[in-house]
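Shared chain: subunit A. Partners: subunit B in the first complex, subunit C in the second.
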Partner chain A sequence: MNTHWSSLVYTTFVMGALAVYLLMPRAGRSTNIAGTLIGMVALALAMFLCADMFVGTSSGNALFYASAVIALASAVKVITDEKPVYSALYFVLTVLAITPLLILQHAEFLAIALVIIYAGAILVTYVFVIMLAQQGGRPACDHRARQPLLAVVGGFLTMAVIAGQMATLPDEQAVIVAAAPAPTSDAPLAEPDNTMQVGSVMLTQYVVAFELAGVLLLVAMIGAIAMSQKRIPSEKLVEPTKPPGQIGREVGPY
Partner chain B sequence: MNDIVPYVILGALLFAIGMVGFLSRRNLIVIFLSTEIMLQGVVINLVALGRLHDHVNGQVFALFLFVIAAVEAGLALGLVVLLYRRRDTLDAERWTTMWG
Partner chain C sequence: MLDILKDQFWFSAILTVVLIGAIMGVVAYCIYFERKISAWIQDRVGPNRVGPFGLFQPLADGAKFLFKEDIIPANVDKPLFLIAPVIAFGLAMIGFAVLPWGGNVDLDADGIIDVTAQVADPGIGLLYLLGVGSLGIYGVVLGGWANNNKYAFFSAMRSTAQMLSYEIPMGIAIFVVVITVGTLRLEDIVLSQIGEGNVWNIVLHPFAFIILLITIFAETNRTPFDLAEAEQELVGGYHTEYSALKFGMFFLGEYAHMITGSGFITILFLGGWHLPGVPGLQPGDVSIWAMLFKMTVMGAKIVGFLFLFMWVRWTIPRFRFDQLMRLSWKGLLPISMILAGYATTLVYLGKATNIPWALGGNVALLVIVLIYNGLRSGEITGRQANLPAIARPVEAHS
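Showing the complex of A and B:
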């Protein structure tokens, strides 16, 4: 709303970025404890800012804050944990924390689909691959991040600019609200039943896209099967004798 | 409107976290997990903005996003397994032959 407020917003973003940077896996002494503390302070500051700005706006405030904090914390754990298996499990936690947010937005069907598809199907694929591609010991690529400072600065700078613009332009937000077709209230979207609404829109207005999605899934399935049949010799055996590109020509048909 | 802003900010934050992970991690599997976090942020944004305009198109779009995510996970992880079989490592920096 004013400069004081927006400087608080930027402070929060800087602290969050610092927390992510300190939590990144690194070679020397672990800085996880400092990163965790700074991250907790940043989350508390963000909650305070939101409560200050959106006081009493929705009935699900407590649920929103709890879910958002869990989602953000576990998302940070996904990208900072040294073990890929833990990353995958924290990603399940992120998905489960996002589900109540979708229910608060009256997207019940999407919330359930999210749990079934992500936590049920996609994550199982990830865990399978993690188990298939077990690396021995503690590989260097897991305990040393690549350019963490540049990545953190880039990511959070983008974020801070977007959020700062959004939060400090109340007039244009009012224009957006005025341009919206109907005033947003809690009741109308849930009237016929969310699943029925989604289904009727998807199978009338977007029926071509729906069919194309089915075709896409079929093509992806064929591709995945074809890839899994392909036998590729380990490069350790072939590398010294063959010129580049030769290996691909010698791979047998599947 | 005030109902929507925290959701949009949360979605953008998740997107930023995923982007940081995508840029800085070296394990191929964790890189793809980071893209999934970015997709979660996008899903939250789609649902929130669809609610702002009071129709379910955002939710339908999010469902198509799930399809794309499933396809991406299946194909990308298949490729990761092939790469792993070839060099016995998941380190993305081992695959830099196109740097020139």
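Showing the complex of A and C:
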């Protein structure tokens, strides 16, 4: 059972790696069609593997498969799309598609925090920087991946090692899932919220890490403000004169 | 019929359809009232040709949007150009999903609560609204960039900077409420303002209410924060190149966003569907008529806020960009942080819902801020002449 399982997992990874390699932007003939086909097979295999491991309600399963497929496909597009703006937007889509997976794991707070902080704030600025950097057309480096083979092999090897470790566990997984209380159809619509648990754990068990992260962010913010100040040598400075036509509180009453 | 309604899923489905219809209608008539109110404020008549009092004007406008030529300019980024209005409109609409419209309902009067009058009741409803609001920026950004127009892109840039800046005081003002009531579920926030010894949050934290109101003006891109649509400077704004129904979707999205924002602030600070002392609006009233009455009250509060939005739009001129940024980073942010610290201290002392403490602190802070600003030497806002000398090289003057 286990060897059979592992070989399936590793086949999936090899096919995924091949698909990503073929989808990478390159100078010569496009291999996108072959890459897409292999990638779809790899996705189907991955979903088949998940079907063995994942037990839940049927609507939950449907949500899982839909968002997992979207997340994986858009994650591949992040690195294979030729237009940087699209890459960034596919990253946003990946983040949004991961959100339902977190909600299925009853991590609603984490899911929404991911949306607010990542998709809503950080990635907007990424998208903006890329949009501003692309004023004069795309440079040649966007059309050709750099070291695609090494990157694909390295990335998928890491993932395969991690997943291979998990893949030896299908029997134990079944036990864990069976031990968890099965969701019943007449459960209330409102999910139990875990925000309070997250908050209390963060402020008791992990309070040091939490405070350190806060200090780190504060230092980063002050650093950003300090760096954004334009420095001009003192001999080039002039005393600011009052420009004509200004409106301000120094204008006397009429 | 009633049996189907007693299932929360079908009740939510029907409520969704009703809400979408109602909100589309309200949005259409928002445009009519916007024009009527602007006319009233500017001493004009306003639309009065289509139907009695011009009441059919929204239909005429809608027909015009539908039948105008739908132009896709050359050199636009077509997929993004097409999807941007959809994002703007769709994200403005899905915020309604978590607003509690009428509390718990007992449809057949047998003493058992059947459903709650809201589409979905997640435990993180408040964060959901914040998340949807923070994604709304993508409609503007993609619209501004995809149509390959420098002015539209400037507009998108302004809008992004504005929304990112105002999200921070907004989040902190909301934090004040959350730390006071101790929950993120919107229905619980409403219930916490009702009952013996409880008051609406506006009484406890009026200053937080003011801050949230200002930031919602900014988040919905309404005057005085509508720099993204400054026609005098930017041709039209991020939707310069959009025509026909695509422009209409941006337009409707803005109004839908206003309704969500109004509902949000109503729930957080004005007790949602509740009016103190009015029978039929208490948590114990669960008949279907009480639900409709509660929905009416909630709707009336939202309409009141919509009127405020329009009133302000036609009264106050637009900020300049540096004034906008100064208001957020030097004004609202420090004040809201002090307020958050104060609210946290009250919670620590166990006086979070103690009216004299909370209200007194807010009023004291307001007075201190006003006195500080009154005594401070005047800041010249004309051209930032009194900026520190660092930013002014010689070349700029010679």
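We take it that the second predicted complex is superposed on the first by the 190 of 254 C-alpha atoms of A that agree within 3 Å, B and C clash if a C-alpha of one lies under 4 Å from a C-alpha of the other, contacts with A are read in each partner's own complex, and residues count from 1 in each chain.
Simple rule for what comes next: a residue touches a chain if its C-beta (ideal position, glycine included) is under 8 Å from a C-beta of that chain, and two chains touch if they have at least 3 such contacts.
Model, not experiment: these values are computed from the prediction.
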Which superposed partner A:A119 touches (first subunit B, second subunit C, both, neither): second
Subunit B versus subunit C as contact partner of A:A163, first or second or both or neither: first
Contacts of A:Q229 with subunit B and subunit C, given as first, second, both or neither: second
Which superposed partner A:V14 touches (first subunit B, second subunit C, both, neither): neither
Subunit B versus subunit C as contact partner of A:F109, first or second or both or neither: both
Which superposed partner A:R146 touches (first subunit B, second subunit C, both, neither): first
Touching partner for A:V92 - first (subunit B), second (subunit C), both, neither: second
Touched partner set for A:I70, first subunit B, second subunit C, both or neither: neither
Partner chain(s) touched by A:L45 [first = subunit B, second = subunit C, both, neither]: neither
Partner with the higher number of touched subunit A residues, subunit C or subunit B: B
Contact residues of subunit A, present in both the subunit B and the subunit C interface: 109, 113, 121, 125, 128, 189, 194, 230, 232, 236
Residues of subunit A that touch subunit C when the two form their complex: 85, 89, 92, 108-109, 112-113, 115-116, 119-121, 124-125, 127-128, 131, 189-195, 229-232, 236-243, 245-250
In the complex with subunit A, residue positions of subunit B that touch it: 1-10, 12-21, 23-27, 29-30, 32-34, 36-37, 40, 43-44, 47-48, 51-57, 59-60, 62-64, 66-71, 73-75, 77-82, 84-93, 97
Partner subunit A, residues of subunit C touching it in the complex: 8-9, 12, 77, 80, 120-124, 127-128, 130-131, 133-135, 137-138, 141-142, 145, 153, 157, 160, 164, 167, 184-185, 378-383, 385-387, 389-394, 397
Subunit B partner contacts - residues on subunit A that touch it in the complex: 16, 20, 24, 50, 53-54, 57-58, 64, 68, 71-72, 75-76, 78-80, 84, 87-88, 91, 94-95, 98, 101-102, 105-107, 109-110, 113-114, 117-118, 121-122, 125-126, 128-130, 132-133, 135, 139-142, 144-148, 150-152, 154-156, 158-159, 162-163, 166-167, 173-174, 176-177, 180-182, 184, 188-189, 194, 197-198, 201-202, 205-206, 209, 213, 216-217, 220-221, 223-224, 227-228, 230, 232, 234-236, 244
